[in-house]
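The following pair of complexes shares a single chain, chain A, combined with chain B in the former and chain C in the latter.
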Partner chain A sequence: MKRQQQKLITGGILLIFSLALCFLSGREFRSMLKKDNIYPSSGLTEVQKLSHYFPSLKGSPGDTDVYIFSGEEASGNLLILGGCHPNEPAGFIAAVLAAENIRVQKGKVLIIPQANLSGFTHNDPFEGNPQRFPISTPGGDRWFRYGSRLTNPVHQWPDPALYRNPAGQKLAGTEYRNLNRNFPGRKNGGLTEKIAFGIMELIRLEKIDIAIDLHEAAPEYPVINAIVFHENSAELAAIALMELQMEGIEIRLEESPKNLRGLSHREWGDLGGIEAFLLETANASHGRFKGKPSIALILEGKDNNYVKAGRLGRLFVPFDENGIPLEERAARHIAAVKALIASHNELHSESLILFSGLPDISALKKEGIGAFLKPPK
Partner chain B sequence: MKKTAIIYCLMFLIPGIGIGNPEAIEPVFEQPILLTSAGQNAEVQLVSVLAKRAGLTFTLSKLATAAELADKKTLVLSIGASMKGLGAAGLDVKQEKTRITDLVKAAQDKKIPIFCLHLGGEARRGQLTDELITLLIPLSQAVIVVNSGNQDGIFTRLCEEYNIPLVGVNRVVDALKPIKDAFK
Partner chain C sequence: MPEYLVFFLMVAVFAVMAMGCKLPIGISLVISAVAGALLGSQGVPVRHLIEGSFGYFDTILIIVTAMIFMRVLQVSGILDTITSLLLRTFYKRKFSLLMTVMVIIMFPGMITGSSTVAVLSTGTLIAPVLIKLGLPKVKTAALIAMGAILGMIAPPVNILVMIMGGGVDMPYVGLTIPLLIIVIPLAIIISLWLGYKDIRIIDQARMQEILPESLEKKVGLRLYLPLLIVFVLMLTQSLSLPLIPDIGIPAIFLVGSLAGTFSGRRFNFFTATQEALQAAMPILCILAGVGMFIQIMTLTGGRGWIVLSFLSLPQALLYGGIATSMPLFGAVSAYGSASILGVPFILALINKNAIITSSALSAIAGLGDLMPPTALAGIFAAQVVGEKNYFKVLRYCLVPAFFELVMGIGVLLLSPLIEKLL
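Showing the complex of A and B:
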């Protein structure tokens, strides 16, 4: 009898402990649903939802914000996409920096800082990544989510064993939730395919001339610190590279493979007929050689394993004890966007896009990202 | 020692004779040009933009073959291997090497001079690129290289050995003048 009582007490304690654990971890998981605050510049014309272009997305976890900045005169139209992969923070933060600082004089600039909004609601717990990272502004810390490369499985489940994407490419099943393998999307597909379809609709309806998708990759990945271009934009990319080199920014060119389908720049160029680019910076927190994942690694980009890998010649970017901080990575994106638009303007006087307000690389490196972000409200 | 010092002095005083980093290449090449990449690199687009800005008459053909040399007077090769580029072109390393070897052989048979450029810098070096460099530089009549791609001196060594004019530039855009100067 006594023994049975002891068992009941032990079982009860374990049950309470398990429930507490479920409650606390559930609360942590749910905290990822809290939205990031973005405070657009005074040059903002309007904010739309992606569902404005594809109503089927309305109210879904993929219905992300589109910030629209119009100049006084209609001309060329630019789309900047951040957060296609929410675990690549420089792409997201560069888009936020653009949205909070840009002023458009001619043409129109549309910015989607969180292209895969669902991917920001979870963060691959087995990777041990932090859920958020702070950026200090003069008015206090701003916190941003560090999400996952893939759509949240709570929002799109299950993955097929093998995924044939809308462009016909066969991929691993998990790529069904990778926005940058889902273009041009499917009208009646999964959530990720619908997001891709919505972006294609935006490109069509807003008559976008040039679109730039901001990414990051591991330092051991060969396509790094690179402008990946659709073949219809080769000359523009080459001119942009020369502009960047004149500013002291080393960057490489890579042509988008025609046989790798479903990627933003490939399908935007093929089906949208627009000038399409993808930019990559080197992010140590994204790589497989990294040590302990941490907020410091995201922000400072310092990692001893990568220093060793660099010395052994295993990386595709120089990597020393100073790391590659978020300031530098976001600044590279901003500089490349400016160079691409300057080149677009050089080649296409009929669709000029003129804007100001984006910080330059030296200011970002010196003053930090926070100096160019609005304080938290 | 004295002899070496005199050679080094001459290297700096007489640009374009082959070794070191002279500022110009003698105008030995003629137009029209066939431009292609050796290794399917994207820098061929940089060469294309520079050639356009230099006012040269050229045809860019990513998969150029010997037949395309028919009416051409110079073969320009942008050296550098890109796995992404090879994949995009649907070629493997062996096929690309065969294409380039056949093209260069045809150019030599037709006495068409070869002008090589490596504009990808350090990032566009590696085993396959180095194999292409070793294969092609000895067969060329002039070479332009972005200096960060020549930190180990591979271009300097080969150009010195085969007495080929070499121009080193710090940035891609700096290659415009030597390209312009190299054509009659």
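Showing the complex of A and C:
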């Protein structure tokens, strides 16, 4: 009887301890549901939800904002996608920079800064990443979430053991939650497939001519500091490359592999019939060699492990003690977007896209991202 | 404090807690994770500890439901009937018994890419047959564990290669032949190595003596319904058939378990579930603890230090690094090893054919499922045969694991030649 009582007391104490842990950690996990503030430029025409193009997404955790900037004259249409992988902050921040600064004179620019909105609501286990990072603006710090490469399992679960994506590629089960393996999406599929389908619908309904998907990769990944292009846009990519090189930006061209299916640049080009690109910069904070994960690592991109790995020849990008800061990574994206659109305009006078307001690479590097973001409200 | 020192102190705290204070492995891992966080100036990061423990959530669900399924097979009499059937078929055919057994053990791994699923499904069916025919239970467990690992590596579904391929943008195509080149010789050699000496050829009278009760005549084919359901659902999942919903492995095991309630002997499902959970609890605790340990190891920079240390080896020693680090890192899980080390190793060997390289690396990473404290294939194989000390099983896995390691490294070294032949 006494033993029974002891067991009950121990069980009770453990239960209370577990509940306390749930409460404490739950508060932190739930804080990731708080949305990031994005303050679009005065050139904004309208804000739509992705569900506007695919109503099945309405009210779902994937129903992200689409910022639409229309010029005075209809012409070509551009889609900029950030946050396809929420643990690649330069892609997200470059899209936010574009949304907060762009002014469109001709054609239309649609910006989705958080393509996988659900991925922003959690972090990857075993990665030890911070939940958010600040960017200093003259009016105070703006905080942004650092999410996961995958959709939140709370929103889409369980993963199959084996995932055959809508394009027919066989992948590991977790890729079921990777937006950039889910194109062209499925109308009645999982949340991530629906988001991909919604983006394809947007491309179709808005008659997009050119789309650019902003990403980052670990410095040990071979496709880095690169423009990945669909083969239908090889000439455009080559002209953009020359333009960037003239600006002193070293960047590589990589043709989208034909047998690697489900990725944005492949399916947008094949099925959407548009000029499709994906941009990669080097992000030490989501590499396998990273040292202590921290806010500084995200912002400054300095990491001794990567310096050492660079010396050992294990990286595909130069990496020294100065690191590769977020300013530089976001600036590369902005510069590449501008170069691609300039090339598009050169090749397609019938669908010109003219805009202004995006910061220069030198200004971004010198003044920092915060100088081009609106202060927190 | 430097990251490597924090890591070594975490390991030291774990060793003191587990061996000195004799605390359960799971609890020792939790304490070492908290100690690591404190030593790494992270305080007690509750969010990170819980986040890490959830890293194995899906694995934990598979284990819980598979253990329930296993228990249902036992108490409903299905297991005895299958044992009886296999004994009657193979009691005087040693070679064909071993080959059939190996294929049966491997099959669930081949279609799900998980060694745990293989051990806890067909491994459970095979174990009593082998033991009754004279194979010592620790060797039986070793055979089941190795067969399950080979099943995980064999085509058509090799999740380890898919994980590595995802990291280097390599599509999952063209892998069948390289994987078969690795798996077929190993399956033959390992089953003969572990079983041929001890399995006895017996006469019919002896076979009748050891034959467990079969319910086949009494119940009929309905008895096999749970196995049939699990088999069909796993197969349809691996084929991704359009009209059949993918309900996930845990749900498949649950459906199979529920079917077991009216397939054979009557039993109390609730009690069977309780017993299964009780048996699974220590390994579930270990998985949660390992998750916390890994998260804190990453948070304090230890993971990056380990990965880079192995990648820093000169090219001549790189193969040695692969042969040691990938199985050792399997203490996290074979999948973790494939993701964290497999991808950098493929890139380090970028001058070789990535398909052959990833196939060979998957064979080496698969051995991680023998590595304690998680040792998902090994510990469950021990549990299936009723052996409490996993290290006794591990002893018999060492030579077969060495064969697999040699095969993996051999394929890596000979990859240019294999590429030409293919």
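The working rule: the second predicted complex is superposed on the first by the 361 of 377 C-alpha atoms of A that agree within 3 Å, B and C clash if a C-alpha of one lies under 4 Å from a C-alpha of the other, contacts with A are read in each partner's own complex, and residues count from 1 in each chain.
The working rule: contacts are C-beta pairs under 8 Å (C-beta built on N, C-alpha and C of every residue); 3 or more make two chains touch, one makes a residue touch a chain.
None of the values given here were measured: they were computed from a predicted structure.
*Asks:* One more residue to check, A:V223. First (chain B), second (chain C), both or neither?
*Replies:* Touch status of A:V223: both partners.
*Asks:* If we overlay the two complexes on their shared chain A, which of chain B and chain C does A:E250 touch? Say first, second, both or neither.
*Replies:* After superposition on chain A, A:E250 lies in contact with chain B alone.
*Asks:* Could you look at A:L260 and tell me whether it touches chain B, chain C, both or neither (first, second, both, neither)?
*Replies:* Both chain B and chain C are touched by A:L260.
*Asks:* Touching A:W143, do we find chain B (first), chain C (second), both, or neither?
*Replies:* A:W143 sits against neither chain B nor chain C.
*Asks:* When both complexes are superposed, which of chain B and chain C contacts more residues belonging to chain A?
*Replies:* So, of the two partners, C touches more residues of chain A.
*Asks:* Touching A:M242, do we find chain B (first), chain C (second), both, or neither?
*Replies:* first
*Asks:* Touching A:Y39 in the superposition: chain B (first), chain C (second), both, neither?
*Replies:* neither
*Asks:* State which residues of chain A lie in both footprints, the one left by chain B and the one left by chain C.
*Replies:* The overlap between the chain B and chain C interfaces on chain A comprises residues 222-223, 257, 259-260.
*Asks:* So in the complex, the part of chain A that touches chain B is made up of which residues?
*Replies:* 222-223, 225, 229, 234-235, 237-239, 241-242, 245-246, 250, 252-260, 316-317
*Asks:* Write out the stretch or stretches of chain B touching chain A in their complex.
*Replies:* That would be residues 42-43, 45-46, 48-49, 52, 82-85, 87-88, 90, 120-121, 123-124, 148, 171-173 of chain B.
*Asks:* Provide the residue numbers of chain C that touch chain A in the complex, in ascending order.
*Replies:* 3, 40, 46-52, 54-55, 57-58, 61, 112-114, 157, 159, 162-163, 166-169, 171-173, 237-238, 240, 246, 248-251, 291, 294-296, 298-301, 304-305, 307-308, 311-312, 332, 336, 340, 343-344, 347-348, 350
*Asks:* Along chain A, where are the residues that touch chain C in the complex?
*Replies:* Interface residues on chain A, with respect to chain C: 21-22, 24-25, 28-29, 123, 125-128, 131, 153, 158-164, 169-173, 175, 181, 220-223, 257, 259-261, 288-293, 303, 305, 308-309, 312, 314.
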